[in-house]
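First chain written, first letter: the chains are A, B, C and D, and each begins at residue 1.
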Amino acid sequence: MSLLEARDLSVTFGGVHAVRGVDIAVERGELLGLIGPNGAGKTTLVRLLTGAVRADAGTIRFDGHDITRAPAYARARQGLAMTHQLVRPFRDMTLAENVSLAAAHAVTARPLAALLRTGRGAARRRAGELLERLEITEFAGRGAATLPLGVQKRLEMGRAIAIEPRLLLLDEPLAGLNQTEAARLADLIATLNREGLTVVLVEHNLAEVLRIATRLLVMVEGAVLASGAGSEVMRRGDVRAAYLGESRAGTGEGRGARG
Amino acid sequence: MFHLELLVVGLIWGAMYAMMALGLTLVYGLLRILHVAHAGVFALGAYAGVLTANATGSLWLAVPAAIGVAAAVGPLIYRFIYAPMLSRPPYVALIASIGLFIAMEDGFRLLFGPYGLPFDYNPWFVTTYSLGGISLNVVQIAMAVSTLVLAGAFGVFIAATRVGVAWRATVSDPQMAQSFGIDPVRVRYLNFAIGSAMAGAAGLLVGLLNNLVEPGMGAVVSYKGLAIIVLGGLGNVPGAVVASLILGVVESFGTVYLAAVLDRDAIAFAVLIAVLLIRPRGLFAPAR
Amino acid sequence: MRYSHHTPSLVKGLFLASAVALGGAASAADALRIGFHAPLTGFAAGDGKSSSLGAELAAEQINAAGGCDGRMVELVIYDDQAKADQAIPAANKLLGEGVKVAISGSYSGATRAAAGVFQKAGIPFISAYAIHPDITRTGDHVFRTSFMGEVQGRAGAKFVGEMLGHQRIVMITLNNDFGQSLATGFKQKAADFGIEIVSEYSYSIKDRQFGSIVAGVKRDAPDAIYASGYFFTAGPLVSQLRAGGVEAPIIGQEGYDTQHFIDIAKEAAEGVMITTSLDRDSEDPEMRAFIDAFEAKAGFPADMVAAATHTAVRVMCDAVARAGGDDPQAVRDALAATKDFATATGRISFNALGEIMKDVEIQVVKDGAYRHFASIHDPELLAPPSE
Amino acid sequence: MEAYILSLVVFGALNVMLALGLNMISGFCGQISLGHAAFYGTGAYAAALLSISGLPFAASLALGALVAGALGLVVGFATLRVREDFLAITTMGVGFLFLGFVRKQEWLGGEFGVAQIPSPLSPLGFAVLAVGGALAMVALSLHLRRSWMGEVFRAVAADEDAASTLGVDTARYKLWAFVLGTACAGFAGGIYAHVTGLIVPDAFDFIQSVTILAMVVVGGIGSTWGVLAGAVLLTLMPELFRFVNDYKLLIYGALLLAVMRWSPSGLAGLAALVRRALRSSPA
């Protein structure tokens, strides 16, 4: 049984089929690269899976449970974590506070316990470990909103990992980073995956995706076009056409439209 | 017949609300500010009107006075109060706006007395026309006509003029608009001038209809205007007009049929809450 | 005694009033300080202004006539915004400043809250025009010199049904304690006077636009309209009814009782009749003195609120004079014993609860001014509750 | 003079409770409410009626707070999907709906409100009770800020959707904020009813809601000590300006405007500036 299994997912925004009839299965332990041109529906698919957007049709099963109707927080508690394409740190908090809050998920799951408890120790320690791992310890005490983008991206990842997920959905974690930064973050993602965390990586940086992904899924116009090992998929004519079509239509990575 | 009359009354109330709400929703669309002090501008227009009319004996002169004074003050409010606050959280401008409104109301009381000012001579109110058994006075007709004209003119302005296109572009994407050479600050001044002019005109018409211009006359429209623009989808101009008309008609019927259960304000807000429970972002899509 | 011994000197004092400064020349230390709270700011500021002007006029007149029992009257006035949480500190501040007698020139919520403070402190207290029935029930030191709403509502029913002979009546009621108590009194007695209430509309104090009610009244086609309100609601209401083609007689009450109402409603005000306690055509020297002097002082004609606070100050001074000083207990007892004391709002006597018993005046608007129409003398109908 | 001071202490403490309660909802949890007076009124009416029916004062106060909290729960639940400016206006609507409803209810005294409310304490007793209550709420507020709930509130205020991706049931936390904040208002309402002896609907109007929000914002939204100072300042302001009776509201409005214009973080922001200046100046 796959860890995550979505069948026939569809959603429409204002008459446009953003995602139509997508079937997707994420196997335990894999690092699935999800690619496709702008507007292909990748981010919408991620938002469908995490519960930020409700599907018009289709089912989502996570570890055997039907979570199609479950709210976002319930999916997170079951082990489905995500990072946002545009970073969304809690702006008034420090980096450490951001990650600590996620690390305290066992307490914050019960409001009464959260009201009664003030001890930050355990969560702080756990957050400290993660910051070290992500190599952003030096920024721990800084306000989240004032950090450079690269740090904010890691903050988001730290926050996601802190809830101890079984599946991590990353929405363009490398976007906006320079080559060195991107490579190091990609290495980290690969390491996490090797340690047993299942990852879905939505990314435009094809070079890095091809380098670390164990499998590739290509979306075009809201539907899955191809799936398989990286080199195989990229050789396919229809995939190349979809990408070439894009690079001819827009000049490079147009930031206007969003996946 | 009775119901037809209630409908007409409601539509005229709606027209009155619309003239207020247009300015409010324009400001919200551009700046995300709940501009409570718009109701102060409304009362200011009425005072300018009644003072001019009583001094000159001419209601015709009161019209440009009300519109002119309001249109002049609106941009000043933007320049000296809102502009420095744009980067702050939204409640900062809201509280500042409430403070300004309280000060304006009390300023009117101190300057012009607590009893308010009636028009010495108000022929428009007593001149009535009968349309199919429903009698309307000139002020009511003016209210309906000016709302129609303003809403229509605004539609044309937005769709067909250069400035209108600039305005629309600025609402939907200020940065994009700027890159096309549109000065967003000028659009904001224009926005405040137009919205305030409408509020001033509405104030004068309401003053004529009550034959009384009083310090607190903005109080009701201050919060009901907010309810209307929320109901219509914040920043959505046609939405605000439709919401105004709906609220006017609901209040007209409600004050006759629901008066034993709820008062007028409560009826209006019951509608608002009911709509928001079903559509949390108003009847129509908010701007942006 | 039918006429107070103050009367002749007061009429004389009238002509001196403008010449003599407030507080007078007598030693300030010896002054009789009367605590007074009113809504000087906020939504009720109009009434606050009238009420403090009325009280000030009374003080000036008393001082011009030689003071109250030889002492100059000094008003200590504080704002309460017509709110209970402002009135309590204001009342306590008055106590702290050593006032021994106090008057409310404010609305019900604020007055009732202040009444509690003064009752506890054993200070005699008069509510000039607040109409909440529970104010005088605060205790034995609390008095009221105006009609209760219910009493006036009953008078309205008698006037409309018996004296005018109208049967099919539409009620338009203001949604506040004033309007609600008028409506209660009117409905209590309506059937007794052969009145059928065709329908009842209500509106809030903030409303100035009455189109839907006008449409309803046109449909109902009543013989007469009984409408409660204040000048700022009644003015627009009456003019909109007339502009909408409603010609039935309109009967109002005290809340209309100011020239401001006529200024707003203009021609539409003609023929409107109200129940009140201020008779513009009175031959009574007290009333004449007040009406003329108020207009001279304020620059606009007297209204009911001003007359009410004027009355309250006069009643208080009379009690102080009879008590021979401002010992609170003695003044309270003297107040309770007030009998047929002539004031601008009629002859005042109190019942056991501290409520007044007096006749009701009917005024009609004629040629842009209030004029005498009739008066209702019916002690049984107009009896306020006594406990 | 003493009675005057005591009455100011009572109303100051009531305003502190109201402002701290609203601060839990709007400051801590980021849900701007323009209808807080409705819960103040609910507590006042509930406690007054219970007290008149013969219940002991303490029980009436507690139940008043409970009823207000329960209404807070209902309102919170109904408005869960409504956000930001839409929420502010919806809560404003709740205030108007509350008033409109109460006005027409005969069992609540209609326009006359509720009178003959027993006065079980001396002025000093009320002052002690109110100050005690206010201090308890200061303690609650400080604890809340330090607790994990306070931390979640900050996250919800900053970004509700992001918080839910961390497994936080944001809806339940918002409800907690509403219940805690409105129960504080209800408790204050119960004391208010017994202090004034008479409650009328108009005491709980939109202006009152705005006044409470003004205390929170002038004090510094989100800061317990700032809000405490804001409530005390705005209670005393009309008293300080009694000598200019006529200009009180004008000054009040101008003050709100001035604080927002030049110190938008309120008194708390001002205090932080001063602290920073002191620290950076050479000792």
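Keep this in mind: a residue touches a chain if its C-beta (ideal position, glycine included) is under 8 Å from a C-beta of that chain, and two chains touch if they have at least 3 such contacts.
Nothing here was measured: the structure is a model prediction, and the numbers come from that model.
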item	value
Required minimum of steps from chain B to chain D, each step between chains that touch	1
Identity of the most central chain, Cα criterion	D
Inter-chain pair with the most contacting C-beta pairs	B-D
Farthest-lying chain, centroid of Cα atoms versus that of chain C	A
Whole-Å gap separating chain A and chain D, where each centre is the average of the chain's CA atoms	41
Distance from chain C to chain A - Cα centre to Cα centre, in angstrom	73
Distance between chain centroids, defined by C-alpha means - chain B, chain C (Å)	37
Multi-chain contact sites of chain B, meaning residues that touch two or more partners	106, 260, 263, 265
Touching two or more other chains - residues of chain C	41, 175
Chain contact topology (line, ring, star, complete or other)	other
Pairs of chains in contact (touch as defined earlier), listed by label	A-D, B-C, B-D, C-D
Touch list for chain C against partner chain D, complex	40-42, 77-79, 81, 83-86, 88-89, 91-93, 95-96, 108-109, 112-113, 116-117, 120-121, 132-134, 137-138, 175-177, 179-181
Residues on chain D engaged by chain B in the complex (per definition of touch)	26, 32, 78-79, 81-86, 88-90, 92-94, 96-97, 99-101, 103-104, 206, 210, 213-214, 217-218, 221, 246-247, 249-250, 252-261, 264
Parts of chain D lying in touch with chain A, wherever the complex brings them together	143-144, 146-149, 151-152, 154-155, 157-159, 161-170, 172-173, 176
Touching residues on chain B, where the partner in the complex is chain D	28, 32, 34, 81, 84-85, 88-96, 98-107, 110, 223, 226-227, 230, 234, 260-263, 265-270, 272-273, 276-277, 280-282
Footprint of chain C on chain D - complex, ascending	1-4, 6-8, 10-11, 14, 103, 110-113, 115-116, 119, 123, 192, 195-200, 202-203, 238-239, 242, 245-246, 248-249
